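Before we start, here is the structure in question, set down as structure tokens.
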Amino acid sequence: MGAQRQRDARTGSGPAVRSALIRFDHITFAYRADDAGRPPLRDVTLAVEPGRHVAVLGANGCGKSTLVRLVNGMLLPRSGEVTVDGIDTRDETRSLELRQRVGIVFQRPDDQIVATSVEDDVAFGPENLGLPREEIRARVDEALAAVGMAGFEQREPHTLSGGQKQRLAIAGALAMRPAYLVLDEPTSMLDPAGRQEVLGIVRRLHAGGTGILHVTHDLGAVLGADEAFVLDAGEIAFSGVLAHLLEAHERLDGWGLELPPVGRLALALAALGVPIGSPQLDPESMAVALWG
Amino acid sequence: MGLRVDAASFAFDTGGPTALSALEAVSLSLEPGRLVLVVGETGSGKSTLLRVAAGLLKPASGTVTADGEPLGGRGARGAVGLVFQDAESQLFAETVLQDVAFGPANLGLSADTAREQAGLALERVGLDPVAYGGRSPFHLSGGEARRVAIAGVLAMRPRYLLFDEPTAGLDARGRRAVREIVAAERQRGGVVVVSHSAEEFFDDADEVLMLSDGRTVFDGAPRELLAAPDAFEAAGLRAPEVLRVIELGRKHGLVIRPASLGSEAVAEAIEAAGGRS
Amino acid sequence: MPAPVPFGQYVPGDSPVHRLDARVKLALVVAYTVVLFSSRDFAGLCAAALAAFAAVVIAQVPWRLALRGLVPVLWLLLFTLAANTLRWQPVASPVRLGPLGVSETGLVTGLFFAMRIVLLVVGTSVLTLTTSPVALTDALSTLMGPLRHVGVPVDDAAMMFSIALRFVPTTAEEAEKIVVAQSARGAVFDRGGPVTRARAWVPVLVPLFVNLFRRADELAVAMESRCYVGRGRTRLREARMGVGDWAALVVGVTLATAATILFR
């Protein structure tokens, strides 16, 4: 039984896939039974289709980290259903398969690195799947190349910068060949250089077809998102295209969010009557909008 | 008067578990009522400079004085307070009040006085001592924990305050709360803020000190830095995003000179430069 | 200034001893220990000493490092010598120190035991100086592999050990940061009697442990997210025994067996 589960996880196959996506369906969640009055999540519904970059925004404490742990069954919802490519997170018999499909990168770089060398850590996932040695080697090389860390194989984790550690964590997730990548505040503990490194990789992965669920309080980190949700006190307060969120910028403060600097500049320019079309959030788009 | 670091040098140190970056003849001068912003990439020596300025590290050469008194390697015994990066990791006591009172108690004050100063410090960071005093420091939100840690330093009533990345890892609300604390403390004494995101404190700063590889590459008013934004790149830093907009405008032949990094000021400068296509 | 090397810790190198398979090294150390403890007299110890000397030379390990492991056991050595040599008010003695006398046979016995301790320390130092902790853990878990069949959690233990090794430098960094932060708040760690000093470490140990527990939780979540179930794992790297390794093993075990028989 266990061996079959591992084989399914390895190949990503198994009973027919009903719908290929990550789906949260009317999720309610509370950490303790007596929290029923104010659940960390209340009636949350959202979906991540293959190849789409979905952002879930919210201040700390809004429930977004709970969402991440619900995705792969680390936590189970009190009511409602979480499915990944048709597999329900409540289905223990298919949990390995599910976890192979959803790679998760957490907020704190150090708390996800397990091994004493970079290559051993990237190999951790494939080793868990019981893959043959040559396959593991191939995946390790592939994953490290994807995050721009080929050549770092023998380095010890504590000698890496914050950005490098997060890239290592991403490589570790990629080595599982997941269909989706879930990112839980991946850049909040990094310096600007590290943040750029990680966001660059996220953009590349998105362009390469990986479905991405990006959970964060930093609007500036999800400018490439196809779709955005705002989570406020456990409930979805906004869902739609990112551009619409920017137009609703007066509500951001109430949600504990703020516009990135270029966004604030756009507002100031609009106030002065300088027409720039829709609000721009990054320097390059702003320059184009201003001067062509 | 003031907190003065004069041409401090410190050798690169890999002797212990944490490597400390080098410093080469770096000077810092802080007067009451002023805010000095120190920027630089990771490894440029910012944290080392703060430790030297707090009297926790003895520089290999150069001097450190607070109001004329030299600071020994043992710390400034209360004249200079240093709020470390991820300051909340220093919380250890059973209650918030006990933790905040730790510093004053170590200074030799009586338990009552220490608790009193602790209560006042909690108020200064926007936390009601009655509501928070008895809580466990381990059951606070990230932003609250950070503020308790800051209170722990404020309770020692230092004349000069040094902050190492005080807003790192916090969300918008948390960052705003810390910015308010910094602004308030700047009125009481002098404040130095180290930040790898220059945007956050740029406009509040009286002086910006930019470090690269342990050396000072810029030391002057923020306005001067705005006029010469290439300095950021030279120091290995990403220029603030709005400055990049201005830089792109330069490529279109426009000269844009904002008075500050604030959105309104930059917008005005862009409007004034004209040149819309 | 390079970081000081703590006693017995791995110093990378390219000597034949470094390159020898870690399992063979472990087996040889065991064989060496058997020779040491089954020797009846100095002849056996000298044979072992020769082996240790040869190992240190071939491993190109500086003697300073090889002998550094003796520093912590210096007191034990002196005590062993004294306990065996000194006699209370003996009938006859070449030398006297008040009521204490010296026994010649006792001195010889004491030297024997002391020398054995020295050789044991030097031998194991060669092992830890030439073998990375990771290689040692891998070797140990491979050698103890058969114990799986009798219910010993070999894989879990190896994983725990490997994770512990991974976090040693990280935890050391964190501890240092907390010490500096608390020092900045006026905490003093080197004054007062033993009780005061112990209490002084509470503000460092508490946050450190709280953080470690939190980290353990997070790590478990991260590991399970990458499909860790504790069983059915394959390995990226598997040390393969080469001709040299087999040769060293055979020669070493043969010599050790011969020495044991000869000198017991």
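Each chain carries a letter (A, B and C) given by its place in the written order, and its residues are counted from 1.
One rule holds for everything that comes next: a contact is a pair of C-beta atoms (placed from the backbone, for glycine too) under 8 Å apart; a residue touches a chain by one contact, two chains touch by 3 or more.
What you see is a predicted model; the values in this text were computed from it and never measured.
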| item | value |
| --- | --- |
| Touch-based graph of the chains, sorted into line, ring, star, complete or other | complete |
| Relative to subunit A, chain with the most remote C-alpha centre | C |
| Geometric centre distance via CA averages, subunit C-subunit A, whole Å | 43 |
| Centre-to-centre distance between subunit B and subunit A (centres being mean Cα positions), rounded to whole Å | 31 |
| Touching two or more other chains - residues of subunit C | 169, 173 |
| Interfacial residue positions of subunit A with respect to subunit B in the complex | 59-61, 161-162, 188-189, 191-193, 196, 217, 253, 256-258, 260-262, 264-265, 267-269, 271-272, 274, 282-284, 286-287, 290-292 |
| Interface residues, subunit C side, partner subunit A - complex | 133-134, 162-163, 165-166, 169-170, 173, 215, 218-219, 221-229, 231-238 |
| Of subunit B, residues touching subunit C in the complex | 13-18, 51, 54, 56, 75, 77-78, 81-82, 84, 87, 89-93, 102-103, 105-107, 138, 152-153, 156 |
| Interfacial residue positions of subunit A with respect to subunit C in the complex | 2-3, 6, 9, 69, 72, 74, 96, 99-100, 102-104, 106, 108, 110-117, 119-120, 123-133, 136-137, 140, 156-158, 172-173, 176 |
| Touching residues on subunit B, where the partner in the complex is subunit A | 41-42, 141-143, 168-174, 196-197, 199, 237-238, 240-242, 244-245, 248-249, 252, 254, 261, 263-264, 266-268, 270-271, 275-277 |
